[in-house]
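One chain, subunit A, links the two complexes that follow: it is found with subunit B in the first and with subunit C in the second.
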Partner chain A sequence: MRKRALMMLFLVPFLQTGCWDTREVDRLASVLAFGIDRIPGNEPILLTVQIATPDTAKGGNKDVKAGGKAFTVMSSKGKTFSDAIHNLGSRSMRKVFFSHSKLIVLGKDLAETGIGEIIDDLKRDREFRRIDWILTTDMTAKEILEHGFSMEQIPSKGLDQILQESKESGLILPVNCNDFFVRLNGDSHVSFTPLVQLVDIDKQMTSQLEEVAGRPLESEVKPKTLTVAKTVIYKNQQMIGELNENESKALMWLVDSPKGGFITYTFAPEASTNGEKGKISLDISDGKTIITPQISDNSISISIVCNAKASIIEAETVGIDILNPMIVAQLEAKAAETLKLQLEQIIDKAQKELKSDCVGFAEHLHTQYPVAWKRVKNNWEDIFPTIEYHVSCEVRILNTGMINNTLPTNEAGGIN
Partner chain B sequence: MKPLRTRKTKKTPEPEISQPSASDIEQKNMPLCSSVAENLITFQGIYSNCADFDYRELIIGQDQIPVLLLFIDGITDEQTINQNVLKSLMNIQCSKLDVSGSNSIEMIKNVFMEIGSIKEISTIGEVSEAILTGNVGLLLEGTTKALKIGTKGSEGRIVTEPVTEGVVRGPREGFTESLRTNTALLRRKIKTPSLKMEKFVLGSCTMTEVNIAYLEGTVNPKVVAEVKKRISRINVDSVLESSYIEELIEDNSFSLFPQIEHSERPDKIASGILQGQVAIFTDGTPFVLLVPTMVFQFLQSSEDYYDRFIYASSIRLVRFIFLNFALLLPGLYIAITTFHQELIPTPLLVSITAAREGVPFPTFVEVLIMEVTFEALREAGIRLPKSIGQAVSIVGGLVIGDAAVQASIVSSVTVIVVALTGISSFCLPSYSFGLGIRVLRFSMIFLGSTLGLFGILLGLLVMQAHLVSLRSFGVPYFAPIAPFNLKDAKDLVMRFPWWAMGERPRLFAKTNRRRQKFFMKPAPPDEKKP
Partner chain C sequence: MPEKGIINTSQCIWLLFIVIASIASMQIPSILILQAGRDAWLSVLGAWFLDVMLAIVYAYMGIRFPGENFVQYSITILGKYLGRMVGILFPLFFLLVCTIVIKGLGQVINTAFLPRTPIDVILISCFFVSALIGRKGIEVIARMTQILGPLYFLSIVTLCFLVIPSAHIIRLKPQFDEGVAPFIIGTPLILVFFGVCILMAMYIPLTNRPENGFLAKFSAVSMGAIVVGLITTFSVVCFGIEDAQTMYSPGLQLSRLIHYSNYLERVEMLFLLILVGSSIVASSSLLWAFGLGIAQLTGLKSYQPLIYPGALISLVLCIVSFPSSLQHSNFIHYTYPIVAIFVQTGLELVLFAAALILHKRGTV
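Now for the complex of A and B:
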């Protein structure tokens, strides 16, 4: 009897769930990236998906047809985002499977008119991953997704690598869905995403080279390149402005601790007699920012303390002795000053130009002074631009490199 | 609660075992006749139509007493009969001693017979048993007693390297089919009178001798008692291999896991006995049983103790990993590719998809085809002679590895999975344990393809529950993990160095656990101290 009961227990799971949600892999179309644009009409959402083509995406396969693309781009319209996904089914032979997507690209029109209507489905459906990178473009998402890389077969993978690399080298802070949503729902309702652009960098550079050479260069026409260097600021689910390259780098110091990055500045030693000047590049190995709000007599001020460890990566200043601790101290001070300027610049921009708290002061205030935060919560938008802040930076040069000065000085102090 | 279906309770009388019949028993207990001639007629009757039955009549002593020697040709040592038995009987004539009368048989036994093993017996049954096991039965005129003269000798295989358990480093001798050779191999390793060997005779037809060997003082006496009890229960007509005994004494007949370890390596059996296990030797097979057994012993090879402990531990770790592969890999592959595609890294998913393009079957069928083919190839390879076996593996390898993929019958990823599973299953040192894993693998494939990872987890849970509920001769099968014992776990995944394993396993040796002196870790001599 006991055995029979056990047997029944063992069989019960087979009745509960099972084969009905089996999906063979060759019945799936894995979406690698998708983008959303807004179009006029009564079906305002245009969904574009980039799907891996298995036959050609398989690396190193001899059978790859010449010119066969490793990805396919498909689009569909819909009244809502999920409607658009549903409509895609009428065109796709295979079930569209979103779990493998790495990127979400938001089109310019959508970003400007508001992304509220797509966020709900992105959060609700379990197929969308919260670790997808989210990007905004200044064009349409469809254009971005149709564009390929020359070195990477699958463009979304290339973009994914660019974003990961940029985080490590301190160029830009990539934002995944989760971070984006959390910031958007946070105290300040301000969030940001990197901006992906199609830039004709090659053309720019060629023309500059032509200027130098004084003749037209012989070069083949290269396609535009996908570039991620700027940041887009969202407030209340709407795009309100963008940060340029330098401001994007500085933003990293305020919302995350950079693990890499460069500070390049002009340096002239104080003791220099003949006005030597040159550029110094520091490679930051470890950066840390501590943001502390202070409240006194109804006024809020924020103190920002940055600590960075760096090593000299390039010192083209002639005649300085980087083995001299005094000089190193001067280098450190100058670097700190440069960093401080960058940070002040972006906070100024946030306060005066964007009038939105993209630097995340609200969160710090909320966590450290919850009572005070309740008072200012409702009119934080008005209070934020008036807040006083103080930035102090400290850069420590840990490593000056194995070599001393590579540029020998002559008597006159010029370069040979 | 009433049972759903009542079983038919038709009482059939338990059938009598055909051998020995009642009349046979009667005859067996019959005393011998004092007349040699009459006895000869009796034995000729018993051994009618037995071509190998042989006898020798002779007359000894000055009184011309007839003597009858009974033996079975082939299982006796002819040289011993000629040179020792016959010669000593002939010598009686030369001596002036009187061998007639009531003490004649004692005289022959104590004075004349130049042979080591000799015993007085008195019934027909005893004589019959004596000659069937290779002894000579000596019957003397005028007495109802007989002599059992040990002349055992038979052609047997010589001691060779065991086929199923090869080692790179370690002794190369293996057990043979002869029980005495086997016990001798053991006795040569454990030279102490504490090593006891108790004799049982099993099988009414085969009269197979079975010895249980254990180390008195170390072994748990309850286990020995239990082994004896279970063996005495056995009443069969034949015992041709130790597996007959294994199936009749194991704790759970329907478990997929073997609960009794077997080995044909004397060193392995010796080490088992030394840590408190009981060995069961069966005449006629090189495989010796070792009880009680814990599941982790099936993952340990005797070579683990002959390699340095760091290598041995790493190899064991590899074995544990590949045990999981052998059990789960095909099931996991099906579960993940048909239910949980989000778990696969994107480039891998793309390759799997590309490999599956054009394959007509669902992944489950694909894996099943390949697994069954692999099992068939394996079976074919074992049974066939070595020269043909190679041809099978070449054809099989080509068919599986290349042609099936080229023809888009199976995908290349499936071939990789099945091949890896096959290799993993070869990593298991115990063949019989591997068989259990092979059967379980198919259940995992089924569970994985119907319920996904949930099903595999379910299967593992049921398997785990079963494993911890098993007992082998009173010892928990899953020990020393459940119940956990840190000291016993020194010889589990890790194999600690010998100087750190001062104690025998707690569950085998209950009382006498100390194996050796503690703190024997070697170190170079301290040069500072003179």
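Now for the complex of A and C:
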């Protein structure tokens, strides 16, 4: 028995195989976000990592108050993406650890020349996760990662929150690595990511205000703001174009079922007493799109039916009677028409300008008509721009917010 | 009989289930998706049906030769020499499966969790624990599985449900895109992995109710098919067939997809728990079956002295035969199915036919 116990004791160290892979937290540099750019020269990949500065990231804000940043940005070059990661070790005192990364930013040059070489490593390396957000920028990834937020100490956390919120608010469809890869592997080999930009919003707004005021305003100069509002389209692992804010919102209807969003349009009641126009804003609470391909006489057409539940959040049209079912029906019809126009606009852009199926028609055709798909799949690039489509939308207004009718105002501005 | 232990039907069910769970957590789902594409889940259903059919034969043979496992009744049917030649194939097959299971486990741990740890150390640790359990006999293994089995079943089902937000059912369509051929090829491919449940023939003589053998296998294979089917289906709906077929362990990748806001994520350690537990218990029962089979063929009084040598042979096979994960994957994909279908289905059906033709029966 004693012999056995001694033998067990002797064997215990061999069972503790974790010893080889032990990683002390104080010797790790946790990457929160990383970006990849393409640069000229022998080592074409530039990797930029945003690392939480250990002393400040845990709430010990002494350094932040003293002017130190809560994050550190480091860069390294390499022949390949993995080579750049490896080279990062030569200047980091701590082991650079990617498992806690939240997002990946792809630089414009890299996106335009092709991202195929980095995708393999992103899938193969055990430290990268498929749930990381993926973004593209129209600048360099390094610039984006070096830029901070005023309300958030760690920028990657701020961007993560923007992306999480944006789906709910219907502003843009955030894309994680997994969805990005799956779409690239899909039938049309077209995928997309949100576009992150540095925009000088404050300067734009100040100049508009100066125009109104007619004099220069006394306002302090503020840094540019990180903004995520547009979408970048990739085809065969290469960036081919971008969608503006409205098109990005419309894209959500075609590739997902939006859970939030806004429709704003100008409205004048048909039987209006005074015929005045005003803006109406609807908040979409639940949207659903059904895309059905139809095949007849060797021609393919696509039927798109959108249904949305909405509530009125602003009705500035004067004299509008929201309690009147006829008026509500008109509001709904006009909202549906606005939505339809937005969807037609993006499909037209995909067909005529981008010439790539970012709206996912190929997947729908493949799933519903697999035999017909086999006939057209080799020529899909030529066929897609010629496909006819029909969009029909239905918007149902379910509530009118905290009030129903706005009280009409008299000419002097007072309430009648 | 070298094994004196007695198990009940529920223990028998969990013993068999654990063997299938260990398969589901490794690279088998990706191999199946590579062959059967989007129809992989149908192949799992097909294999479940065929395996239940096969279970009827095994259960019938268990009743026809009461108190005998297939090593023993191959001697009864085919005689002293030919019977032993056929009989030895079963224990050797179990040793081969044990090698595959532990190598697969070691490879996943080495690739995804402990990259700097030499794989040999992981393998030695696994074999040591497996042999230790296997040497304690069937009752110890059975009691372990009775606790771990339900835990694993619920964990895998829960893992799959948690991954639903990342799943898109459209990725499962269209079915039969390439005709029925992928489904037909996929069915026997996954059947050979379910077929490891021929271990039931080793358990039936030791159960307190041998007539429940079919019920045990039916329940175990049904639960196993649910687990393999869920992992396969969710791999397709989450990653699409193009990515899922290239993954080393799709189940592990699924667990890495789980994230609910910022509070529930990185649950792959739970998957590692299932992986290590199920693989070690499965390999311990395979080592036990190997030891018992050889002991019965050679007429030894006890199988226990054979467990450690068996584990050692298996370890050497792991290191020598599969120096890299590539050889292991290729073996599982191309060679193992041929060997397995021969042993699991071919040999048993030959014995079944021989027993009927030669009018052989066991003695009570």
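To be clear about the criterion, the second predicted complex is superposed on the first by the 382 of 416 C-alpha atoms of A that agree within 3 Å, B and C clash if a C-alpha of one lies under 4 Å from a C-alpha of the other, contacts with A are read in each partner's own complex, and residues count from 1 in each chain.
Keep this in mind: contacts are C-beta pairs under 8 Å (C-beta built on N, C-alpha and C of every residue); 3 or more make two chains touch, one makes a residue touch a chain.
Since the structure is predicted, the reported quantities are computational estimates derived from the model, not experimental observations.
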In the superposed arrangement, does A:Asp21 touch subunit B (first), subunit C (second), both or neither? both
In this superposition, which partner touches a larger number of subunit A residues, subunit B or subunit C? B
Which of subunit B and subunit C A:Pro370 touches, first, second, both or neither: second
Mind working out whether A:Ser30 is in touch with subunit B, subunit C, both or neither, as first, second, both or neither? first
Report for A:Lys123: first if it touches subunit B alone, second if subunit C alone, otherwise both or neither. second
For A:Pro54, decide between first (touching subunit B), second (touching subunit C), both and neither. first
Looking at A:Phe10, would you say it contacts subunit B, subunit C, both, or neither? Reply first, second, both or neither. first
Intersection of subunit A residues contacting subunit B with those contacting subunit C? 14, 17-19, 21, 129
Show which residues of subunit A lie in contact with subunit C when the two form their complex. 11, 14-15, 17-21, 123, 126, 129-131, 178, 181-182, 185-186, 363, 366-368, 370
Give the list of subunit A residues in touch with subunit B in this complex. 1, 4, 10, 13-14, 17-19, 21-26, 28, 30, 32, 52, 54-55, 57-59, 61, 97, 99-100, 102, 127, 129, 157
So, in the complex, the side of subunit C touching subunit A is made of residues 111-118, 121-122, 124-125, 128-129, 166, 170-171, 173-174, 177, 238-240, 242-243, 246, 253, 256-257, 259, 265
Complex contact set, residues of subunit B against subunit A: 1, 3-4, 337-339, 341-342, 346-347, 349-357, 359, 362-363, 449-451, 454-455, 458, 462
